[in-house]
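Labels for the chains are A, B, C, D and E, by order of writing; each one numbers its residues from 1.
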């Protein structure tokens, strides 16, 4: 079997259920692949691992991928299992945020950095709010790993994913009715998440291209299976979690939410989604994420072969 | 036995203070919850509420104790949920890193004491090396090692070694320079070679400094390993445990992992203290 | 392999030059030798980056780092103030004071010493990466929580050294002060504290660098949008490696200066110690 | 009136290879204003006995009374000026600083300290060396500095462990004379360890001869010399007779080896 | 045949409060097999001069030749056995271990070491104390252990800095005799610092009187006593005459103060 290494963006969880399902159910094996899945972490920059040769394929968000491309690291999107964005801003109702257009000013907002800040910055730019702490803007906190800033009331709003952090807030004992959420999708500033990326030069090697084709085909099979059997997917994820920290309840719920995001994706990148992401990023205010529309940042070469 | 009573006394005082702090720190959340539910809490109810939260700001001692107990005794040792298993993973990297680091520190110190070139050139850069924030370069170290095909224990051990060599270096340089003028002169008058003066004078006089540094270094190695475990893909080890606990806001799990790590460090320090006592006694330095 | 040959040649050349220089005493060789050593490392680094075509996203060349350093001076200064001056320095001072005070306190009472030291060892060995998120939760996002992390981090090494130092007086000196009927405080002030100074400074020097690491690392667990740790983690996300290394350069410069100042004070305070006299 | 009273004092050190009986059943009474010399082969317990008087060692049996107090109470009442066998100057203080140290501890005023330091430095012939650090002085100079330190604060009881061992004959004679003068003027009680028989005879009102294994007192010789002692007294028959007696006592102690 | 030759040796220490002239223009020739004593007020440079001979200090002017080599070359050839003014035993080694140390360094075999240790311990009357640690011994015993250490490896040149200062008269007499015997048997060249005039006269073939500020040689007295010296020689008129001459030289040195 051909060896292949996949670098995840984050720790083992149902967010990456499709890949674990494909591995566990033998979909990769059927395609003659021996796939190693490497979990990520808060300070792993997946594209850096890719550049260093530590992995063949990586799961990454498109803003970070395009930024890397502009920095001279030629990486290419070969498939896009996630159709929708799961990012949102979750606020405590008591902090008085109801309408993004008027109420953010002067508030403290928790934001993820390490390449995940771009959608937020674009959004604030759309709203015309400064993020440098000046009085007529917002105060930005670099949010850590968890939802504490909201629970401790250190921030009015924090970044959450529909499938994960939001539920942690709920689990902490805050009722949904006490919360206000703003999905990036709804605000028109959504960017593509969790695509599969490889180094450009790899595509020139027919053998590698073939391997990637088989990988994408098996992975999508895994994703579609996970979409239909979220409970089973969650169990598979749990078995693969080496930290032993995950709980079945949390993962089952996450698998259900993830299914909503992958639904509607065949695995091929939708060019319209790509354009929207690029536009969002280009309008990143004084310090845009990317300065010009990227060329050749994606290809259908693999997904076409894999899925048709 | 001489130690049991004082330790217990201090322990009781700490636990008492901890409970008070837990009540104080967890009370706002309990009150908030009550307010959201539209009720208000009596004092006993409030205190009870602060003891049983699932995500307390500061978990009460018994909650942590239960967390540790579950992690240690509630699982098979080979289980991924067992703290013992995670501690074992961390310990192996810590020991490897500590061995590499303290050896490097000792060797560098020996070089510095004996060679003027090294004295002048190494020290400033050894200091500079320590100011490189490891958590920043830890992912890079991991990436670089991974690209060379080395994964698992070695990269973590390297980070541990990076942190632990410095205390040993500083302590040993000081210790090796401790012999006073007359002692050096004696060696000189016998025309002892540098090696002889080292083994028979410098090293024995450096022993107390060495052990003080080793105790610091072993704790540093543990920190290094845990740091190395954070970005290593959060797979196994106490660091991964801390991170995932932190990521899912499971305060009790964090504290349990934290105590496991601290216990590990304490055991390591105690082992070194033991070796120190025996060595110094056999050297006739402990009176 | 052939690409490595020039590197080896440069290394050997610089080593030879330094060995020759080190034979001369005086301030000029003492300053030149480390500089040549450092310059050699930088040249080797630059050469390695170029001849092996190491991608900048993995390891930028010194020239790129230097450019980034020059282009971001105001930014770097702001980060320096936030992390080093506010976070590390204040934390180090508080931590050192607390450690010395604790050492003295438990030194006086054998009961406390027996009771507190083992537990102190245990508590102080809590790894900072575990404590940092908790302290950020308690002390907020700004520099106060970073200082708290630093306090916890530097406390143990200084305490260990100080306790050892307080025990380090020789029997004759202790007997002497006993014959003068000195009170505990007098013996402490006049004999045991001075005798403990070489040990204390040992701890202080080790912890200068720990303080910097602590302050920077703590910012990974939540921070305002400035500070060296914040900048490093965001720049890594943007693959702006030259900026990352420019921050590391600032940390290295600050750390070396910090250490140097402490070493200088040590020289003045413990001038009498054999290790300072040669 | 007795100042120091030792009754049945024994002291045994436990070492890895068995107990060492440094003192065994030592009885001694020292009256106020007496000058008592201790003499004996090396290792016979002189230092140990002096240390026991100053409460630096605790006897394993027997007791020591000082002015009706226990030795330790007397120590805390600052009754002792002690010159140790080794100089033991603190390396971080200059010579003046070292002499000043006990004065600071006992709360002397700054001007008083300066006066006393000048006086004792002059007495041990070290004027001009006050600003030097210990490691910058010769062995004999360090020993003299340590004597100066013990004299500076005028304790009632002076205990001196071979203070003049490292000095040449001429300085030694001068310091002997100075010590006698100080003693005559102040009426201090002095315990003095020496290896020199003439020195012991010249200075003392009472000479205690000790002998090792176990450390004990073998002879106590009361001096019949007058209190007023010019240097020439060393040539009188009376002096020579006492010296001879001490020498015999010493020889007895050695015969045990 | 001259073994040690000092020509115009000067040594100045730079201290914070100005230079100290420890030695100034010292000329001295010591022949093979000579026993040379140095005597002088404390601080006059005796220790410094001995250290300079042993290449432990470098003179600021002048030169020292030893057997046609420089002092440092002689040191490297292990020509010196040095007894320091303070015992300087290593606290982590027992007495035997301390004596063994130079022997280990010089590569003596284990059985040879054991034999030599036993011999020198016996010579300084410390048999039975080999297993003790230094701090378990009295001051005089430590000093004797340090003498034993310097004797153990049979260096051609013995340099001894007040070796018997802490010993009582009787042991001192015995050790003096033992030293003379060793000297007669082995023909070593010995440099010996002492404060005792009789000791200097009794032991030496040449007595060097020094004087301080600046440290220099004021007199060199060649002894006319025979090489064979029973203890009773100390009562001969010849002995007393030489002692008187030394005393005068010493007094001169002191008159400068």
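Everything that follows uses one rule, which is that contacts are C-beta pairs under 8 Å (C-beta built on N, C-alpha and C of every residue); 3 or more make two chains touch, one makes a residue touch a chain.
A quick map from chain label to UniProt name: B, C = ABC transporter permease subunit; D, E = ATP-binding cassette domain-containing protein.
Treat the numbers as computed from the prediction; the structure is a model and nothing was measured.
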- Message: By that same contact rule, can you tell me which chains touch subunit C and subunit E alike?
- Response: B, D
- Query: Which neighbours do subunit A and subunit E have in common?
  - Reply: B
- Query: How many angstrom between the C-alpha centroids of subunit B and subunit A?
  - Reply: 35
- Message: So the centre of each chain is just the mean of its C-alpha atoms; given that, what is the distance between subunit D and subunit E in Å?
- Response: 27
- Length of the line joining the C-alpha centres of subunit A and subunit D, rounded to whole Å: 85
- For subunit B and subunit C, let me know how many angstrom lie between their CA-based centres, rounded off. 16
- For subunit B, jot down the residues that touch at least 2 other chains. 57, 135, 139-140, 143-144, 147, 181, 230, 246, 287
- Among the residues of subunit D, which ones contact at least 2 other chains? 86, 135
- Message: Going by the contact rule already set, what residues in subunit A reach two or more other chains?
- Response: 42-43, 45, 48, 52, 144-146, 148, 152
- Task: By the touch definition up top, name every chain pair that qualifies.
- Result: A-B, A-C, B-C, B-E, C-D, D-E
- Message: For a test of understanding, state which residues of subunit B touch subunit E in their complex under the given definition.
- Response: 182-183, 185-193, 196, 200-201, 204, 207, 283-285, 287
- Quick one: which bits of subunit A touch subunit C in the complex? Just the residue numbers, please. 42-43, 45, 47-48, 51-52, 64, 67-68, 71-73, 113-117, 131-133, 139-146, 148-149, 152, 154
- Message: Give the list of subunit E residues in touch with subunit D in this complex.
- Response: 13, 15-17, 20, 39-43, 46-47, 85-86, 125, 131-132, 136-141, 144, 161-162, 165-172, 195-197, 247, 250-251, 254, 257
- Item | Of all residues in subunit C, those that touch subunit D in their complex | 172-173, 175-183, 186, 190-191, 194, 197, 270-273, 277
- Item | Footprint of subunit A on subunit C - complex, ascending | 55-58, 133, 136-137, 140-141, 219-225, 230, 233-234, 236-240
